[in-house]
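Shared chain: chain A. Partners: chain B in the first complex, chain C in the second.
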Partner chain A sequence: MWKVAWRNLWRNRTRTALSIAAIGLTHALLLVFMAINEAGYQSAEQSAVKTAGGQLLVHGSGYWQSLSSRHTVDHPTAVISTLEGMVGVEAVIGRVILQGLVSSSHGSSMVRLAGIDRQQEALQIDLGPYVTQGSFLDPADQAANPLVLGRGIIHDLELELGDRVVLTATDPQGEVTRALFRLTGILETGSDSYDEYAAYTTVEAAQRAFAMGERLTQIGVLLDQNAQPDAIRNRLQRLLGERADTLEVLTWAEAYPDLVGYIETDRGLGLVFAIVAFLVVGFGIANTFLMSVMERIRELGLLGALGLGPGKILKLVICEASCLGLTAVSLGVSLGAAVNYYLCAVGLDLKMFGDIEWDAGGIILSETVIHSSFDAASWIVASLVVLAVVLASSLYPAWRARRLEPAQAMRCFQ
Partner chain B sequence: MITRMAMKNLFRNRWRSALVMAGVGMATALLCWLISFIDGWAAGMIRGATSVQVGQVQVHSMEYVDRPTLYHHFAQDTALEREIEQIPGVGAIAPRCYAAGLIGHEADSIIARIVGVDPEREALATVITAGIVQGRWLSLQPTPLSMPTEVVLGELLATQLGVSVGSELVLFLQAADGALGNELVRVTGIIRTGNNQVDRQTVYMPLSALQYIAALDGRLHELALHVEDSSKARSIAEQIAGRLDLDRPGHPDELVVQSWQELMPEIAVMVELLDRSAGLWLFIVYLIVALGIFNAQRMSALERRREFGVLMALGLTPRQLGRVIITETMLLAVIGSLAGLVLGVALSAFHARFGLDLSAFSDQGTVSLMGISFTGRMYTSPSMRMVMIPLVWVVVMSLVCGIGPGVRSSRLDIPQAISGRS
Partner chain C sequence: MIDSNGHLIEIKNLTRTYRQGIVEVPALKGVDLTIDRGEFTALYGPSGSGKTTLLNLIGCLDRPDQGSIAIGGRRVEQLSRSAAATFRLNHIGFVFQAYNLIPVLTACENAEFILLLQGVPRQQRRAVVHPLLERVGLAGEMNRKPHELSGGQQQRVAVVRAIASNSRIVLADEPTANLDAETARELIRLMLELNEEQGVTFLFSTHDPTVLAHAHRLIEIRSGRINGERSRLTS
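Coming up: the complex of A and B.
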């Protein structure tokens, strides 16, 4: 049966080739499109994790919504040791993050001051290489209150390395506090929006300057690659017991719901498009099969007369469709894989459209090179869907072929 | 005659014609809707970025463009403002001052961007008053000295401080003369605009009050202009710049005029990128459709070789036969796409009116790109583009698809075709 179907297909070469080309091309496009999007989402998620400061964030309860230094993690050592003992946790990073105002004699600028431990922070991202002048909170540096500022702030406030600057922020008691820092480094990441806001000092300096004692505002948690942030968050909340009420534990996705919204919407629209594209192809295929059945009315009638029952004729047409679909899908997969391989290896630089920094859901995506990722499961699902569309579109023609009266069909001249 | 023949031929094979048309129609409907969707998105983004706050054109002092700080201001010049307002296309002008400061109460305070605005002119130049979700906009009359100064807060800022309309707050900021200014203020309104910078960080207060607190009497940081047609912003900015050079040679304040495309290049690039992605989709989808049509027409021409042979034996010239086939193809495609357009236009008109529910795609129900949030529903923006672009492409595509089978059939050998041995 399969052999007959295969032979039938190739009796009209151009038609079959064109159908295969149409399906294969669409399939390849769909696969590449999917892979590019998926890679984009992944890089957006990575950026979100980096911006957030970890896959899991622990704050004083109410901090994330208010970003207020009122909400702190009060006895962080216990929380940190709990976290360090958990399976799936790779690193735990303590931070003091304050929204502040940095002033010089040339004006003031809003900053996000992060008090960090450089060694710990380097486990996720080391900004050291981006410090173009001075040093990045080097312990050898003797300054008591070191401060590293982004290039944009330095420019706006006309500061120089070694200058003293005043930082104004609110301490946990609600007091507006001004503290003196010394500019020891200039950070130049190349992202304008980052360099306009970034300010770094050591955890100790920030705690001392703003009367925080040993309190932290954020504990960032880095997880193993395969760990599920949600599961670990739930486990952590159980382990924290009574303390869970005074703390909030967020996954990066909860911290940046807008980004998740963006990704989900983009994915949804992509799906709608893929569906319509395949409906269009489906109409084309149905047409091809309908014609090939009509064209072969006499042939099919003869087969019927020779004892091929209606069910078998139906099966024959469906077999033809399956052969066609399988060939087209394998063409699509190989074409898609080739393009995908190129994209994985080389990437496509969006810079050719102009210099752009993407801001999706509050996350700055400075990566403008489109890469691609390969996810076997989604490729298999997509290929099965395409096969299903091909088969579905052959059903009506096959049904018509089944209903043929052998005698009448053989007599038919058109 | 040719069109009639083509019509009849199409009717003779109803199923096939219907299927081809359905394919073209679906594709056209999709693209038609897509164009209006992308236009709506782009317009929403431009609107979110410009009309809430930035305006379409801005004037600053030369130094402010390089270093946007408190000290780089220029003298308010009502004569100049009136002159700019005369330029055709310019709507209203909003003079502004900016300062960074701390706003808060006993328990907490937050760093905010304080914007001093002329309540009346700001409301004319921007859509800020449409964003009010609680309370009201700044009153147009100056506040009596005995009352605390009125302020309007971005919604997230208000949530972060835990305040609502009527709350009294204290504002600290560094004044231009180096002194520390502070002021008791009262929240009269809370706004939500979809522009993240406005919603998260901004405090609006009357211009005169901010000028007083920040020691900026008679000085401004910015003029924001409303321009009806945002695509004309660039040429209007040039006109104003020309006028400034002419009128104010040697004036101590050197002013720079910029359009929104220069102020926010990333939005301009993003809009262009959206537009190109629509172009790419158009190309891909029509390529797929073209393969389908070409296949169908080629086969139907092959199937009718005998018929064509007879027609030519009866005196139809090869050129006429070719034209019949090309006309058939174009009729198929154009009728199909007209049906598709009806569907696409209807759908997009529906979404222009009622909006596309974003929560159907995501539990979050909000999409934020380039600092502009779309929450709840997204509206399409129907225009002639969404009809014309697909239609032109369909005509071109069907012409290309029809030529092949047409030319091939017109070359057939009559006796051989009639005898059926090919």
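Coming up: the complex of A and C.
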């Protein structure tokens, strides 16, 4: 049966080769598309974690909604100590984040001022290499209130290294406070939207300038690779007891629901793309098999006359489809694996599509080279789905073949 | 295995009418016929006389409107499609006028195709088919595809296929229609030899006087009825 099916398949070599190429290329495209997407999602998630400040974020209750400096983490040392003692926690990073206004003699610009500990921050993301002039909060720098600003702000305010600027922000008591800072570094990440509002200083300088005492606005928590953010959050809340009511603990996904929505939407669109692609291919295959059956009516009649029952004739056509499907899927997997290997090893530089900003849901995708990923389970599932589509496409032609009356089909005695 | 102490084929009052649109075309009008084991019988008559319909009905490729067909004592006229296919597979060999062979298989694979469907192991199949192909002069053509064989060679492969599975009945419709006179004579001699050597019952339709000359029994069909028959001694 399989031998006859395989040979039947190659009776019209061009048609079979075209069918296999169509299915195989579509399958390869689907596999690579899936792999790139998955890697892209992972990269976006990593970027989101970096942008958010950690897999878990601890704020004063209500901070994330309002981004107001009134909602601070008071007495953060106890919280940090609790976190550092927890299994699954890799690092704990304290920050002061304030929305403010930076002013020079040439004007003012909105900024997001982050007071950070550079060494701690580097555990997650080191912006040092993106500082194109000056230094990034170098401890050797003697400036009392050092400030690193994005290139966009520098351009708007016509600033130069060493210039003094005034930063205005609201302190925890609700008072509008001004403080003098000195420009010690210029940040250039390549993302215009980021460089137009990023401002960095040290934690101590921010606390001092805006009367925060030891208070922080955010504690970022970096977790082990296998740690579950939700489980750590629940444990932390239990350990904090009543104190937990004054704090909010968010996972990165809760902090950036837009990104999660974007990824889910994109996954859905990918699925729709795959369904449409394989529906088109499926109809093509059904047409091919129907033509193949119609061309062989006399021969199928002969098989019936010789004693091949209707069920076996149906099976023969399905065997042919299986041969076609398996060959095409093998081709697709081979091609997909070759392309994916290249993408895993070398990657795809998104900059080749133009000098545009790559961000999603407010997250800057700092890594513009996407390295594909390989997930054997999803490749197996996708290949089985393709095989199922091919087999499903052959069902109607197979059913038509099954219904043929041998005498009529052959017109053997007419 | 079919077995009966009576006639091998017993047909009673067989009637078949085809409908072409609103027109009804009677193909057989109450045919009674018996065929015994080992006969070498020819059906003859003009085109449209009902020869094909009769062979189709005996071969379980079609169903009658009325009447009965018993083969080896078993009634076959109302078999389901699947049961009819199984019956054909195990008891009836066919040789058709043309397009007899499966194009993607070699001569040897075509010859052993029925055995393959019957589930006979490869070695056993080859043991049956090779001597038969040698017997019909195709020892050197076993691995050729049908399009590489002449019309006569293709028909010989079909005859080997029909008898290789130990079918006791071979139905042949105009088996020599597409062959030249000499090749036709060779084929009919081969069928006759196999009939004599192996006791296979042959029932075939033909217009060819050369073929008719070799038949032991001649049945004339006209307008869907048996018009007459005569027997002759083996030549």
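Following the convention adopted for this analysis, the second predicted complex is superposed on the first by the 380 of 414 C-alpha atoms of A that agree within 3 Å, B and C clash if a C-alpha of one lies under 4 Å from a C-alpha of the other, contacts with A are read in each partner's own complex, and residues count from 1 in each chain.
Just so it is clear, a contact is a pair of C-beta atoms (placed from the backbone, for glycine too) under 8 Å apart; a residue touches a chain by one contact, two chains touch by 3 or more.
Computed from a predicted model, the values in this text were never measured in an experiment.
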| Looking at the overlay on chain A, is there a clash between chain B and chain C, or do the two fit? | fit
| Residue contacts with chain A in the superposition, chain B compared against chain C | B
| message | According to the stated criteria, A:85 is in contact with first (chain B), second (chain C), both, or neither; which is it? | response | neither
| task | Give one of first, second, both or neither to describe whether A:241 is in contact with chain B, with chain C, with both, or with none. | result | neither
| task | Would you sort A:280 into first (chain B), second (chain C), both or neither based on which partner it touches? | result | first
| request: Would you please give the vertex angle at the Cα centre of chain A, with arms pointing to the Cα centres of chain B and chain C, as a multiple of 10°? | output: 90
| request: Go through the superposed model and pick first if A:410 touches only chain B, second if only chain C, both, or neither. | output: second
| In the superposed arrangement, does A:267 touch chain B (first), chain C (second), both or neither? | first
| query | So, does A:129 touch the first partner chain B, the second partner chain C, both, or neither? | reply | neither
| When the two complexes are placed on top of each other via chain A, what is the minimal CA separation of chain B and chain C in Å? | 9
| said: So chain A touches chain B in one structure and chain C in the other; where do those two contact lists coincide? | reply: none
| task | Report the residues of chain C in contact with chain A in the complex, numbered from low to high. | result | 51-53, 55-56, 59, 61-62, 81-82, 85-86, 88-90, 94, 96-97, 99-100, 102-105, 113-114, 117, 161, 173-174, 205
| request: Give every residue of chain A touching chain B within the complex, in rising order. | output: 14-15, 18-19, 21-22, 25-26, 29, 65-68, 70, 99-101, 103, 105-110, 155-158, 168-170, 174, 176, 257-265, 267-269, 273, 276-277, 279-281, 283-284, 286-288, 290-291, 295, 350, 353-362
| request: Provide the residue numbers of chain B that touch chain A in the complex, in ascending order. | output: 15-16, 19-20, 22-23, 26-27, 30, 34, 67-71, 100-102, 104, 106-111, 113, 159-162, 172, 174, 178, 196, 201, 265-266, 269-270, 272-273, 276, 281, 284-285, 287-289, 291-292, 294-296, 298-300, 303, 358, 360-371, 373
| List of chain A residues in touch with chain C within their complex | 4, 7-8, 11, 298-299, 302-312, 405-407, 410, 412-414
